[in-house]
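Given below, in the form of structure tokens, are the structures.
Look at the two complexes coming up: chain A is in both, with chain B in one and chain C in the other.
Up next, the complex of A and B:
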């Protein structure tokens, strides 16, 4: 125990003997740690926003469809239960955050333009409970009830159609007999989404109104369920599977949007690679510093050995030295990283490159997110690998022959 | 371009191009709400999907909807008599038709001018700001096949005053016996009459 204490004392004093070198090394480690954590936070922010956007536009963490619906989203492929059955089944199981929706491709036309969209017949109250796209109303009002006669379209779509709130547009789709089903709707509200593509893709109307227009009373195309944590959907998935009793296709968001699903895994791997790469650059500096410290003190080490210190004591001393250096550097780096995220709390505006970002589904405002496990990962990686890197100089110092070391000029 | 057409009742009609040669036998069949086109060049009958109903019919100023929707305007609109005027000694009724709230019509309103002998003189399409979008005007009325008909009609879009599509009737006969086989897809494809 005494050896540990002495080694530690010697290590900390040695560290400040050549304070210039120590400070340079500290700067290197803290900048490295800051870069690891801060850059990871930026990337996490971007990916998480992408995931949340993706899940919002799906929407939900788990969805139920007719097993043919995903290949052919037509009006003929509906969920096997009627909406009343769904309501009673889900209420009995205590599931509250779900929405039943009619979702069909449709044509929307104004006096001047017509475009293809996805028509969603929704229950506005339920829709809010799953935080789906379209719940953020920019102008006008949102849908108020399940039999609301109005329609809510995206702000961007309104511009493309050259229409506005209060005007009528016509929606055309097909009924189950492949006959044209069309109806006029008055635009009551414009919604806003993070991605312009979503503003052009979806239009929302009251569910019973859409069901009547399409002639599918009481039937829906999908059930969307949501929960609190998108990393953890197994329970919800199992519950829903049990409720649907194998009749329809129940899928999690990872399966519904495999791109998004893979993204999460890729991101976790990428963070580790990123941290290791930065560390590799850093480790050369660290090893070099320690090797120099050992070279400088060859005579001293020889003397200590001659006075009876065990080689393990010498080794411990060098390892302590690097440990102190690493810990100091890491704490400064962590503090820096946290400090630099605070002013970016309201998001980093990257709208200059928004168009490019949209192409892979990212929003134009970046919210850095420091995740505790990323910070822990960075610190653990730097500490372990740092200690491993310092093993070699420490080993060398402890293996000096006292006589040779003392007489070395 | 010259065409030949058959109509039965208010639901069914068939139009076929007879000249010029390169467009010959292009046809359109309308049965109720459905509309098919046939093009001999690709030898295919295509049902015009609802998405294309607003698009131009054979490149003209008429839309597919204009030619297929005939009488449902009576049920889908609220009508109001705006006034009566006199034209060539005949009373012309001016009727404003506003589509029902849920009607699948994009126009804000349409205004018709119809002569007392049932000849439509003018049909104007307005957008929801009350701006005129296009006008179908009857340029010539004459006696043909024993009835008074609009012999020459012109569709004009307000935005492009230099372009229009005109339809002129060369001859027409009424009360002709038509078999059921006239309004079929096979007849659209392989003309038998």
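Up next, the complex of A and C:
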């Protein structure tokens, strides 16, 4: 125990002997640690926002469809249960955050223009409970009930259709017998979304109104369920599968949007690679510093060995010196990273490349997010690999022949 | 002679501590190799991303009515488009110019209906500006400009439950807002490999489109493919000159038509260059550390040579020369290692788990073959070299304040 104490004391004093070298190395480690955490926070912020947007647009963490619906999203492929059956089944199981929706492709026409859209027949209260896209109303009002006669469309779409609140538009789709089903709606509200594409893709109307228009009373195209943590959907998935009892297709968001699902995995991989790359770039300097520190003190080390210090004590000294250097650098780097995120609390505006970010499915304001597990990962990786990198110089130092070392000029 | 002595001195000093020198060179080689590899992949991908995206549909330039690009409104037209396209083809001596129109319409088969974007394309020239005609896997692309024929995507065909030879009904609104309807025979089915794309697009001959949607010889855009992407700037003013001012038409280049493309690249470049910058800085610190050590341990020696009349400036140059030698070794070895790694992946192909999913979003293949160019080989290493030299300035300049007598007194 005593050896450890002495080695530690010697190491901490040795560190400041050549303060210039130590400071340069500290700066390098701090910059490295800062870059690891700050860059990761930016990327995490972007990807998390992307995932949240994606999940809002799906919407939900888990969805239930007729097994043919995803390949053929038509009116003929509906969920096997009626909406009343769904309501009683889900209520009995204690599931509250879900929404049943009619979802069909349609053509929307103003008096001037036509566009292809996805028509959603929704229950506005339930939509809010799953935080689906379309709940943020920019102008006018949102839908008020499932038999609301109005329609809510995206702000961007309104511009393209040359229409506005209070005007009428016509929606055209097909009923189960492939007869054209159309109906006029009055635009009552315009919604806003993070991604421009969402504002153009979706239009919302009351569920029963849409069911009546399409002639599918009591039937829906999808059930969307949500939970608290998008990383853990297994439980929700299993519960839903059990409730649906083998009928219909129950899928998680990763399966529904494979791009988003992959993104999360790629991001986790990227964080680790980035941390290791930075460490490797640092490690050359670290080992160099230790080699120099040992080289300068050959005579001293020889003396200590001659006076009876065990080689393991020398080794400990060098390793402690390295760990102290790393820990100091890491603390400064961590503090810097946390500090540099504060001014970006309100988001980093990258709207100059908004359309480019939209290609990634990302929004144009970046909110850096420091995740504790990323910070822990960075620190643990650096300390562990740092320890390994300092083993070789430490080992060499402990193997000096005392007499030769003392007489070395 | 003096130069020779200095460089000989520098060379010997560099190898005083071979281990230290190699570690410093190692840091450079690591960063350089990584930079060469990453930059080769990145630049290669950008090129492919641009080419694949533009090749599919957009072309390099389009002549349109002002505002059409953003609003896609039926009434924003290029009047007498076929004539104008012909004029551009003959005046610019380019084949790959074609007129195109588009409208949203409900396509109905016997069982199903889907809303899709219907394009009116010139059967003769469209294959030169778009890859879709070449992707027709079943049947054929229309040849007659007025035939009542339609080509649809594979997914849409499956969803509509139709095959070639079946008929589809088109419902939509025409240029004047009036009701437009027609029946067309499916003559071809294309497969782009992207299911959503194949579900949302259909193409019919331009003449037929004009009849159905009351276009009156107008179209929505004239797509132009220049001989190369780099020739766009040269051709653009020539195209503008050929337009009659009375029509008030505008020419958009690919960047205006696909603003996301360049911006996605910019966003990617800036985040990547932030990371590369960090690498360069870390290497620079490593070099600074080494050179500072090498200067400090020679204080005694420097004191002696200074008292013999060597100026601090000359010693500073010596230190910079040493750094330059190390940095040059790092540059050459790094570029070599990086180049070899890149060549190997260029031969074997590069991929990472999940890449096929991500790549499809940007019209990229799932396996990528990076190529080494002079730019990708030296862009990164040159920055590492410059960073190394800059970082040696501090130890080199410190020599200005060294006092010979004091320096000589200092122990080794």
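FYI, the second predicted complex is superposed on the first by the 409 of 409 C-alpha atoms of A that agree within 3 Å, B and C clash if a C-alpha of one lies under 4 Å from a C-alpha of the other, contacts with A are read in each partner's own complex, and residues count from 1 in each chain.
Going forward, contacts are C-beta pairs under 8 Å (C-beta built on N, C-alpha and C of every residue); 3 or more make two chains touch, one makes a residue touch a chain.
Note that this is a predicted model, so its numbers are computed, not measured.
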Return fit or clash for chain B versus chain C, each positioned on chain A through the superposition.
clash
If we overlay the two complexes on their shared chain A, which of chain B and chain C does A:277 touch? Say first, second, both or neither.
second
In the superposed arrangement, which partner chain does A:28 touch: chain B (first), chain C (second), both, or neither?
second
Partner with the higher number of touched chain A residues, chain C or chain B:
C
On the A-aligned overlay, A:218 touches which partner chain: chain B = first, chain C = second, or both, or neither?
neither
Now for A:111: first (chain B), second (chain C), both, or neither, which partner does it touch?
both
For A:173, select first, second, both or neither according to whether it touches chain B, chain C, the two together, or no partner.
both
Does the superposition put A:186 against chain B (first), chain C (second), both, or neither?
first
Output check: A:149 vs chain B and chain C. Expected answer is one of first, second, both, neither. What do you get?
first
Run through 4-12, 22-30 or 58-66 for chain B and report the one that clashes with chain C in the overlay.
58-66
Common interface residues of chain A - those touching chain B in one complex and chain C in the other:
107, 109, 111-112, 114, 116, 172-174, 180
Chain C contact footprint on chain A (complex, rising order):
18, 20-21, 24-25, 27-28, 31-32, 35, 39, 42-43, 71-74, 76, 105-107, 109, 111-117, 159-160, 162, 172-174, 178, 180, 258-259, 261-263, 265-266, 269, 274, 277-278, 280-282, 284-285, 287-289, 291-292, 295-296, 350, 352-361
Taking the touch rule as given, give the residues of chain A at its contact with chain B in the complex, in rising order.
107, 109-112, 114, 116, 149, 163, 167-174, 179-180, 182-186
Report the residues of chain B in contact with chain A in the complex, numbered from low to high.
33-34, 50-51, 53-54, 99-108, 127-128, 133
Seen from chain C, its contact residues with chain A in the complex are 17, 19-20, 23-24, 26-27, 30-31, 34, 71-75, 103-106, 108-117, 155, 158-159, 171-173, 177, 200, 259-267, 271, 274-275, 278-279, 281-283, 285-286, 288-290, 292-293, 296-297, 352-354, 357-358, 360-362
